[in-house]
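So that you can tell them apart, the chains are marked A, B, C and D in the order they are listed, and the count of residues begins at 1 in each.
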Amino acid sequence: MALAERIHRTIDATHWRGEIPLNYIYTPGRAGEQFLRALLDEETFLGARCAACGVTYVPARIFCERCFARIEDSFVKLGKRGTVHAFTVSHETFDGVRKEEPSIVALIKLDGADGVVLHRLGDVDPGDVRVGLPVEAVFKPKKDRQGSILDVRHFRPAKG
Amino acid sequence: MEITKEMVERTATALKLEDITKRKVLTTPWQPKVQYAWDDGPAIGRYLAELKNGRIIARTCRKCRRIMIPPRMFCELCWRPSDDWTFVKDTGVVNTFVISHVDWKAGRLDIKGGERPLTPAVIEIDGASAGMGILHMLDEVDPWQIKIGMKVQAVWKPQAERQGAITDIRYFKPLAPERKRGK
Amino acid sequence: MGYRRVAIIGAGMTKFVRFAQETGKELAYEASKMALDSAGLDLSQIDCVSVGSAPDAFDGVHMKGEYLADGSGGWGKPVMRNFVGGGTGVMNVIHGWHHVASGMFDTCLVVSEEKMSSAFPHPAGAFVTIFDHTTEQPIKPTLLWIFAIEMNRFMNAHGYTKRDIAQVAVKNKKNAIDHPCAQLPGEITVDDVLNSEVMAYPVNRLDVSPTSDGAAAVILAAEHVARRVCEKPVWIDGVGWALDTAYWCTRDLYYPDYVEVAARKAYEMAGIKEPSKEIHIAEPYDPFTYKELHHMEGLMLCKRGESVKLLNDGVTQRTGNLPICPSGGLLGVGNPISAAAVMKIIEIFLQLRGEAGKRQVPGKPTCGLAQAWGDLMQVGTVVVMRS
Amino acid sequence: MGKRVAIVGIGTTGFRATTPDVSYRELTYEAAVKAYLDAGIEPKEVGAFVATSEDLIEGYSISDEYSPDQLGAVLKPIHTVPGDFLQSLANGMMLVQSGFADLVVVQGLSKASNILNVGEVLTFAEDPVTVRPLCETPHAVAALDMCRFLHETGTTREQCARVVVKNRRNALRNQRAAHGTLLEACDVLAAPPVAEPLGRYDIAQHADGAVVVVLASEERAAHLRRAPVWIRGIGWATDAPSLDSRVWGDARYARLAADMAYRMAGIRTPRREIQFAEVNDEYSYKELQHLEALRIYERGQAGRATEVGATEPTGEFPVNVSGGSLGCGATFDLDGGQKLLEVVLQLRGEAGTPQLRGVTTGLAASWRGVPSATGAVAVLSN
């Protein structure tokens, strides 16, 4: 409507294909650098605590989003244990392809943190996962770690 | 309050290129694959189809009497549907131009090694309303001989290679008299 | 008609650098935090946030306004992003003005950020995709071309030479020596510009502003708040913005009509009849040398074809009668697109308060202007400020 | 109390899964022509325009370049809000209230069908360092939120499925909707899982379409032909953008946005003072979660209400009579435009077959989709 003339043959309804051709390299930032290095070197999650708000963020960040205090000097090591805050059994990849094996994606509330880490669960049957399940991070061997969130292979039910 | 050097000192940490390429800082790469198929619609669809036929088509507005290229189904100035199709010529006049030593990736052309600079131009198409041009490339001319106001003509791909795209015109070249002044 | 008066009461910015270690969020935080501190406010006193950032393709994050919201002080607040390409920085302040002038909010934190270095090795792919996807991108254009195309037309129309225009780079880079955030300050000569690498004739390397990372922020407040919390509010007395057609090849690029339309609106609002006399200091957008001159003409700070004369006569020097880009501009301070234009707003803010330090222009200016430009040579955004 | 702002014209193309015969230009043009005709105005009378777009959705690096022509806005004040349509509407409202313009146009568009890989685009919105490398589907973000919502409120998957059944059936009666169909709850529950508990039918499919709205000041509205629909309240808010620190299981952004809109509208008991709503239901559970965040239902009660038919067109509080996002189609940042359109048409008595009787106040609530934590709310009255 609104046009004086329209396409009236299917064959004339054409399209043009294209893309946005880009490549990125991201720095993790001042806080992120330390967060990733803590995974890499110490197998621990680094958080940041805002004393005024009583909130512990993880990953560590340089500012408290609630009160805008600078918390760059209040980083805390949170270890690698926590509980499942929420989970999903995921059957598709991010580009929409059906996975052969579904993965379990979870929000992990690390002990001592208020925030959550998004990661995968492993060494567990989907049917056995529940909210509140205690879990721990499984790290790749040191030689395979690169300073990435993927240095953590997954979380698994905590032992003991 | 003045903004002083001391105040801004810690606001941004300047890295060197090699800090990134040699991973002195940690980095995470990503190459998005964002692809589209944009519907042409009647105006651009016909424009491309006629390019495949070796012709340039425009749309007219009866009210402002403009002959519009690229064609559009409405006149953006009169705010009414456009009226008719009309073919325009494949010749035109250089409105403005560039002698580019860089390509779209910001890569440098090897000018000293004899590579020809890219010479894009806005070309006012003959038969379209005054000042109505398109972006295209100039070639078969010494870049430094290009002048604003120069008459040019489309050089088409052979019919079999045309696919209904703006690149069915390979480039524009000077009309015959000007050509003698080229290399 | 009477508008609710809106003032700028605080400002902050990061250094502008080619590769910042900081994330976009962190840069936004540093600028926002400094702005809050300078106004003596804490985040709870901010009613809303306006985020300005140029293409998502620079930082490499879709919905960048969402991504930047926490670093911009937007947690749990009304946050809205605005976008007019390269014109976004000044638009962002205008957008903040919308928020406060409407009466819906009393304070607004206006934050602009750009991290162009994420696009690696160069954000060229982001530039090719600003052109029409079907009728122009297949020709593989680059952003430089549109500047070169426009500059050539501008030179041709007025008989300006590259030597004339090169003086803008000399002036602005020199001005930037006194700017603590500057990325590319320096003493250069006209010959340095003319002898620098040819990028795309008529544009040489030193005609071009750099690729940058950085952030800048200002705080806007309604009059009753501004008078209470701020000793030297700077008033936003006029705003204007306009976009021309996307069919850019059908316009005569020698003159920026869109800047004139935007400026007329801002002048009308500010009650300015003779801009060249009533405006004491200006920060027109200068991502490329010729652009400063092109915009001075569009802003009617001089007659068409006379901008070079003002430049030649030293009128636009920091010590001249109409200082232009006393900050050092994008050519000297750097060009993290939208943050660069907020830097211009900040420069006028500081100059009108007499707080520009070594950059302070003489004569106690009371009326200044900042302007930005963007898209396909298409958008003008103008703010007129008074002390 | 700000100056009153009215909607005096609205135009739409309606929504279809694909629109292969028109470009984004012509799609917007159609909605604009209709909106201006509806308002009885010419674009040259308009003081300012607000366009809505996100670059990666349009497939441009600076998509705002392409906003003026098809709105008749060449050399006019026009800018783009990369946000939800209702945020653009709020911006338009501010432009009227400030006195900058007494006639403002707000535009939104979806050409979702032109995006070949939506998952890639949405993943590109996730944090590049801490989330994106996992390469999980963006639907997982919604699924985690849903998991938490079900866990905290006791809402069931069946109740969510009832939302799908209702909205897609409602869409069958709405000529503007793209995805109407007859399903039963068991069909929804039996559909292949995408990210559990989300199955295929729990996720709205996309649609193309455009909406253009004309806003006017009270003085100007008095001289226009259409009876105004008043924007009584508007609100928008962003919760923590990072996945790590936001509230999961509750739409805090919607709660904050609604609080702002209700405050402006002077609404204390939304459930009583508002008669119907169009709320974002891009995922089935979102309708329920949003209704609770909007204080229409107590936490944990929206599922029950749905089960007993309270949100059906014939129920006590009709929700998404249009079919919502599940029935009309998900349209990215046109979401709020699709919701607003239906509320305006209902209040004018022009909704067609799904027309509710005697309604005077309605609510539109949008969400910017995963992984955002931003939503907007508008309260409208005739």
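Please note the rule applied: a contact is a pair of C-beta atoms (placed from the backbone, for glycine too) under 8 Å apart; a residue touches a chain by one contact, two chains touch by 3 or more.
In this text the structure is predicted, and so the values were computed from the model without any measurement.
When the interfaces C-D and A-B are ranked by how many C-beta pairs touch across them, C-D comes first.
Note: the chain lying farthest from chain D is B, by mean C-alpha position.
Between the CA-based centres of chain C and chain D the separation comes to 33 Å, rounded to the whole angstrom.
Between chain A and chain B, the centres computed from C-alpha atoms are 41 Å apart.
Separating the centre of chain A from that of chain D, both taken as means of CA atoms, is a distance of 28 Å. Chain centres here are Cα means. That of chain A falls 36 Å from that of chain C.
Each of residues 2-3, 6-7, 12-13, 15-18, 20, 22-30, 32-33, 36, 65, 95, 148 in chain A touches at least two other chains.
The set of chain B residues touching two or more other chains comprises 13, 15, 20, 25, 28, 30, 32-42, 44, 48, 72-74, 76, 165. Counting partner chains per residue, chain D shows two or more touched chains at residues 20-22, 26, 29, 56, 59, 61, 68-69, 74, 114, 116-117, 120-124, 128-129, 133, 240, 242, 245. Interchain contacts join each chain to each other chain, per the touch definition above. Across the complex, chain D is touched by residues 28, 30, 32-44, 72-74, 76-77, 79 of chain B. Within the complex formed with chain B, the residues of chain D that make contact are 19-26, 29, 42-44, 56, 59, 68-70, 72, 74, 111, 113-117, 120-121, 123-124, 128-129, 132-133.
The residues of chain A lying in touch with chain D in their complex are 1-3, 6-7, 12-13, 15, 17-18, 20, 24, 26, 28-29, 32, 35-36, 55, 57-59, 65, 85-96, 103, 105-107, 114-120, 131, 148-150. Interface of chain C with chain B (complex): residues 11-22, 27, 30-31, 34, 38, 60, 120, 122, 124-125, 127-128, 131-136, 138-142, 144-145, 148-150, 152-153, 156, 180-181, 197-201, 203, 213-214, 245, 247, 249-253, 346, 350, 355-357.
Chain B meets chain C in the complex at residues 1-5, 7-17, 19-20, 25, 30, 32, 36, 38, 40, 44, 47-48, 68-70, 72, 76, 95-106, 111, 117, 120-122, 131-137, 143, 148, 165-167.
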